[in-house]
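Worksheet for the structure shown next.
Think of it as A, B and C in the order they're written, each chain with its own count starting at 1.
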Amino acid sequence: MAGALVFLEHHEGAVTKGSLGVLGKAAQLFGGDVAGVVVGSGVREVAAGAGAYGASVVWVADDERLAAPLPQPRVDVLAKLVRDEGFETVLFAQSVLAADVAAGVAMRLGAGLNWDLVDLSADGVGVSPALADSVNVRVGWAGTPRLAVFRSGTFDPVEAGGAAEVRDAAVELEDFSELAEMVEQAHAEQQGPSIEDADVIVAGGRGLGGPESFSLCEELAKALGGAVGATRAVVDAGWYPYSAQVGQTGKTVSPKLYVAVGISGAIQHKVGMQGSGVIVAINKDRNAPIFEFADLGVVGDLHEIVPKLTELVQARRGS
Amino acid sequence: MSVRPSDYPPPWTSSEALAAPSDPVDERIEVGVAIVGAGPAGLAAAIRLGQLMEEDPATAERLGEVPVAVLEKGKAPGSHLLSGAVVNPRGLQRLFQGRKRIDQLPFAGEVGAESVLFLTPRHAYRIPTPPTMVNDRNYVASLSQLGAWLASEAEALGVTVLPDTVGARLLVDGGRVVGVRTGDRGRGRRGEELANFEAGSDVVARVTILAEGTQGHLTGAALSRFGLAGEQPQVWALGVKEVWRVERPLTRVIHTMGWPLRARPKYREFGGSFIYPLGEDMVTIGMVVGLDYRDTALSVHDLLQELKLHPRIRRILEGGKRLQWGAKTIPEGGFVALPRRFHAPGLLLCGDGVGFVNVPALKGIHYAVESGRLAAEAAWRSFARGVSPRSALSSYDEAVRSSFIWSDLREVRNMRQAFGRGFYLGAALAGAMTASKGRFPPGDARTERDAEQSLVTTARASSYPTADGTLTFDKLSSVFASGNRTRDDQPNHIRVQRRVPREVAEAWVHMCPAQVYEVGDAHADGTVDVQLAPSNCVQCGAITAKGGRLTPPEGGSGPEYTLT
Amino acid sequence: MKIAVCVKAVPDAAGGRRIDPATNRLDRSGELTLSDFDSYAVEEALRLVEAAGGEVVVVSMGPERAVDALRKTLAMGADRAVLVSDDALAGSDLLGTAQALAGALEREQPDLMLFGQQSADGGGACLWAAVAEQLRRPAISQASELTVEGGSVTGKRQTEFGYDTIRAPLPAVVAVSDAINTPRYPSLKGIMGAKKKPQETLGAGDIGGASESRTTVVGLDPPKARGDARIIEDDGSAADQVVEFLAGARLL
């Protein structure tokens, strides 16, 4: 049977949002011919819920040898499944684990792998931004199966309802797959996302006026569930640590939402965040360059606007 | 009350650039000849030494495992090279005699037509090309590209080129120059050692050739230490340029005078612009202004932006795209500002570092190449058996004085100084000098230091265009277009007094093409704090001329020019 | 202990277009330098060998002029460099690259094989997993800490959920993250000594041949234009308008 298989990564009893998003996209592209695969130990319940997000079949590989989130046993399960069932397309949502699994499966099957995709068409053309998001490359595959890894957060899950048929996937592990062992698994030590992984970044610049005002950014970031960034100028001045610096000589980020507070938008900063999904800028200077590339620009006093914005966001999100 | 930047000297002494060797002997890096600077002078010296090594391997053997090493503070040869440039091929032809033909040299094209224009805000008047500026049989080139090419030629001859390497201190032992200490890498903002701290090394050499270019760091220290300085001080101009991709080829070499500079003597605005075709699809355009200007509001960066709006000039660039930007100072004192000697025990000095620049002709590259070649020959003579190194090195001085470098510079020796008296009087004097081939006026004009000019303030800044991002740009965008991505947490390499009268601070703010300086808090006595953003610095050197001091930051910092 | 570090020579980010005058070759287009991410891997290998003794071999696949980039690793302290270079391998995809590297690694038989966390030019972050699969050895990715003891390697893997501690017996493949160390600057002595260190070039035949690419590039498009910015002046209601905007864009 042809069709698409989506790797459904899970964490602490739930399929990850990214995986569900890719599942929804697959359903949109391939209709009812989409299967998911869940690999782990004690994961049947996790698998069952995936039907509501676009899967018509969910394959489950449930084995205590699969308990730890390590890639190589998953390669064994997926490769065999793809071979046995003849899947033509295998999709992954980017994560440290998923990328390793995708590459291993591609190697095992001699299949083509395209990664960092932000879109895919039903006839097998993917879109991958390149060169710091300054150009989009259209990529394809020679032969099947076609493996693809989608950039983090590209698709939002769509809960369409429905149920999936759950089937058992064979678990036959290669000897070398079990050599790596999990000594201690990650705890959710959540201090908020790191700036590289964050979906939302609230960044502060000279317009804040002083280091104390960074608390405005911190509060708004917390309300939005995001991380705090900073420009080179304020890091130079000692207002915020270098680890938060976004820009040419700092980090390059591409969150879904970038809120630039008191930032003029010099090119050295712009190149570090121009790939962001949506850019909102708040600055009292009407002529600040940032207003040329922000999606929404607010000319006004950030000391008044930001606290109010934080309050409203908190109210909306009920936090 | 007249305020002068020189009244606020920087916290720096040249002894900071001198040292005795300190590494344990077996850790010192031994080379035959150490050359500081991978520019046209340094690389010409390296190439000539490479040729001599090929011709005389026995002597080459005596220079050890690394016979010639070139230390370059930029990321790669060419990264810190910037000029117009129209090059007189004479120097390179002599260097590559019998080995390369002119058409094998990396020029962008021979100069065809040329014009000199006198500009007013809306018009351009063609004026006869002054004889010193005729560029027949000269070639347009990118100095950065030329440097990169010369470096690969040098490497092919067995020269070791070491980029990312700063010559931080001149090593002097027993009254003799014995090499160069390289700069540390991996220090933090307060000078502390970071996790990857790597101390510099003592590079010891039998002969050290300094080819550092304008305001050479070690060259200045050497002039002081060995009493080599001439009577007249050196003066500089600041050149700021851009390289553009254009839709229509430019078919002539253009120089302009007049607008946007002001002719009145009290402003002391000497300079002009150049616009050269760089091949079929690129144009290089630059503004050069003497740093003895007095107006605190004068910004060469912004004058260039203003210049581009002139109807005659915007036509050339319309539809094009700015590819690169850069800035660098040019020594303008000429003959009278040369040191009185070009050598010291163990040491030879070449190129822009000592001021071999013909200002009226806007030429320095072929003198740099020739001086490098002569330095190499003098160094080589010192390795011959039975020759006293002292007499071999002093033969360099004789060679320079017998060369076309000397005769050319002597002929035009007072021209730049004449322009200190204003454009029209200066032009008249210049004309007289040319006609008399340097015999009139007799004697040598007095040169005044740039930083000793008292400051005035005008409303000039109001005419600078607001950046439109297509034809005109702001300073931070320009810094970006220089390829500068210097590490932010380096120690500050700019030496200036941090609290000065407002006029001095504002003069620095406008002067600096890279927006390194900012006016900070004001004090009751009329002084202000000076704030710095050193990682913007493109190492042009203007601050050294105007009351501060540029010292070399960590190797590999600064611009990464490729087309300038 | 023998550690192999897989590195890539990539175009220098700051390199501009070079003029190519009609009659001359200024063949500097495509100046290559060591991928930044790989320097962390080289540094880690050097530290491990400095502590426990052994040899660091750098392995790369690329065009011949990649040797200059490899020299930097030798200047940092690596002992040998092996470059797999062959026209047949130009433009290899993930699988082709992994196969070639695996072939070179098999010749070396190292105890530990290190990679940087991603490629500075392709952005791909999973080459080591393909190599480990080909070599049939365990792999650990995104290691921000690494120790080697008693025949096995323990790495602290950094994922979206926090840190895992994973152990694997040698020989093993590990990809290190840029949080693991601060790469050293090569010393002058190191730079000058690099030329004398052994550098070997292998052809496709030496590592098992080349293979057809299984991915294709169909075309290039400019990025989606951001669209016109909406600019509002705050009249007291800006915060509300921003919230509406965010809600409309499904960002809340």
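Everything that follows uses one rule, which is that a contact is a pair of C-beta atoms (placed from the backbone, for glycine too) under 8 Å apart; a residue touches a chain by one contact, two chains touch by 3 or more.
For clarity, every value in this text was computed on a predicted model and none was experimentally measured.
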(message) Can you identify the chain nearest the overall CA centroid, using each chain's own CA centroid?
(response) C
(request) Please name the chain that ends up farthest from chain A once chain centres are defined by their CA atoms averaged. (result) B
(request) Provide the C-alpha centroid distance between chain A and chain C, rounded to the nearest whole angstrom. (result) 21
(request) Go ahead and note the Å separation of the Cα centroids belonging to chain B and chain C. (result) 38
(request) Calculate how many whole Å lie between the centre of chain A and the centre of chain B, each centre taken as the average of the chain's C-alpha atoms. (result) 49
(request) Identify all positions of chain B at which a residue touches two or more other chains, and write them in rising order. (result) 485
(message) At least two partner chains per residue is the criterion; list those residues in chain A.
(response) 292
(request) Could you please specify the touching residues of chain C with respect to chain A in the complex? (result) 93-95, 98, 123-127, 129-130, 132-134, 136-142, 154, 157-169, 172, 212-224, 226-227, 229-234, 238-243, 245-247, 249-252
(message) Help me check something: in the complex, which residues belonging to chain A touch chain B?
(response) 232-233, 235-236, 242, 245, 248-250, 266-268, 271, 287, 289, 292
(request) Note which residues of chain A are touching chain C in the complex, please. (result) 11, 68-72, 75, 95-97, 99-104, 106-108, 110-116, 125, 127, 129-130, 133-143, 149, 156, 174, 176-177, 179-189, 197, 200, 224, 256-257, 278-280, 282, 291-301, 304-305, 308-309, 311-313, 316-317
(message) Help me check something: in the complex, which residues belonging to chain C touch chain B?
(response) 14-19, 21, 23-24, 26, 28, 31, 181-189, 191-192
(message) Residue numbers of chain B touching chain A in their complex, please.
(response) 466, 469, 474, 476-477, 479-480, 485-489, 533, 535
